[in-house]
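The two complexes that follow have chain A in common; it is paired with chain B in the first and with chain C in the second.
Entry: the complex of A and B
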């Protein structure tokens, strides 16, 4: 079976996100000062062949832990869709 | 002593380190390509600065899985000496050979600047010959040098004397203003708990040749040779 994983990687809450901070600051220039706490992460999609959803989930989890996210500074979550 | 300098696609300080080791320190140096598997019997491995794999995903994240890095990890596990400078430091944290991580600089800028460093301890191969009272002026050039670790890791670094360099002012005072990239307690360089793996963001190889009118970095290379040859 083929699955598509939609992965979100976000900087941990306690860590300063300079990119998000810069964008939060620019909201004022747009007249959208009520927007606060912009945080910017990464959205990653990938395709995976696996015999079932549980196996696909386990393999994607391994990819996230080993490479796609650095758990010292980021967290991740993902959804799998069969295609 | 035989040094190995690892070259990844995007490394750009490799030749600078090789120049210092060969021409100033008079040592044998081999170039180790990241796709190789053979460490060629080197005694000391240096991961140089640069932008390995374009800094894609995170600085050092992809280089960490290069074939040669698996050999470097084994070498370090057996007590072999490994030093990462700038991008090399980032690769070592990604590989788990050094604790913590290097985040984006807190001021959101790429910083290319001379900074002052306070040597925190003489209890390491690369700092053994340095004067703890005399700040070193060494350049940095990075966008992600903001050292971060959780409270437990920081306590371990402090308790085990693993902090080697901290950003300071010209007089050697550790201040908020001199903490140029926002690093945790001004950390600029550390070693692992077994004291054979070293990482630092500043570039000592860019302050080692007399023609540059600043040789503050030379003491680090001299420390390595003095201790090992002693």
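Entry: the complex of A and C
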């Protein structure tokens, strides 16, 4: 079976996100001062071939831990859907 | 009312994503050869103060178009939830 994973990798709440801070400032300059607390992370999509959803989940989790997220500074979450 | 927007900005399908290609290659080196077609974009969260959901939606759309996404190379989608 083939699955598509949609993964979000975000900087931890405790960690300053300078890119997000800069964008929050730019929103003000664009006249969008009602927008606050912008935080910017990564959105990753991938295709995975696996026997079942549990296996796919375990493999995507492994990919996140080993490569996609830096667990010292980031957290991740993902959803799988069969295609 | 306060809303949280969860925005995904992804490179267009027609456009080569070199970062995603590199990560697809690295998956093989890590023994995760069942993972294919990795694409990497941005995930952005922000808080917005607005009278109602329709106004919030329109403002977030404006923020995406003006600042968060480069519509020549990227597409965006978002979800709003009231908090």
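Simple rule for what comes next: the second predicted complex is superposed on the first by the 83 of 83 C-alpha atoms of A that agree within 3 Å, B and C clash if a C-alpha of one lies under 4 Å from a C-alpha of the other, contacts with A are read in each partner's own complex, and residues count from 1 in each chain.
Rule of thumb we're sticking to: a contact is a pair of C-beta atoms (placed from the backbone, for glycine too) under 8 Å apart; a residue touches a chain by one contact, two chains touch by 3 or more.
Please read these numbers as outputs of a predicted model, since none were measured by experiment.
A.B. asks: Going by the touch definition up top, name the partner, chain B or chain C, that contacts more of chain A.
C.D. replies: Tallying touched residues of chain A, the top partner is C.
A.B. asks: Check whether A:23 is in contact with chain B, with chain C, with both or with neither, and answer first, second, both or neither.
C.D. replies: In the superposition, A:23 touches chain C alone.
A.B. asks: Looking at A:67, would you say it contacts chain B, chain C, both, or neither? Reply first, second, both or neither.
C.D. replies: The answer is both, since A:67 touches chain B and chain C.
A.B. asks: So which bits of chain A does chain B touch that chain C touches too?
C.D. replies: In chain A, positions 67-68 sit in both the chain B and chain C interfaces.
A.B. asks: Provide the residue numbers of chain C that touch chain A in the complex, in ascending order.
C.D. replies: Its residues touching chain A are 8-10, 20, 23-24, 26-27, 30, 32, 34-50, 59-60, 62-63, 66-68.
A.B. asks: Okay, in this complex, where on chain B does chain A touch?
C.D. replies: Where chain B meets chain A, its residues are 57-58, 61-62, 65, 93-94, 100-101, 103-108, 146, 148-150, 182.
A.B. asks: Looking at the complex, which residues from chain A come into contact with chain B?
C.D. replies: 15-16, 18-19, 21-22, 67-68, 70, 72-73
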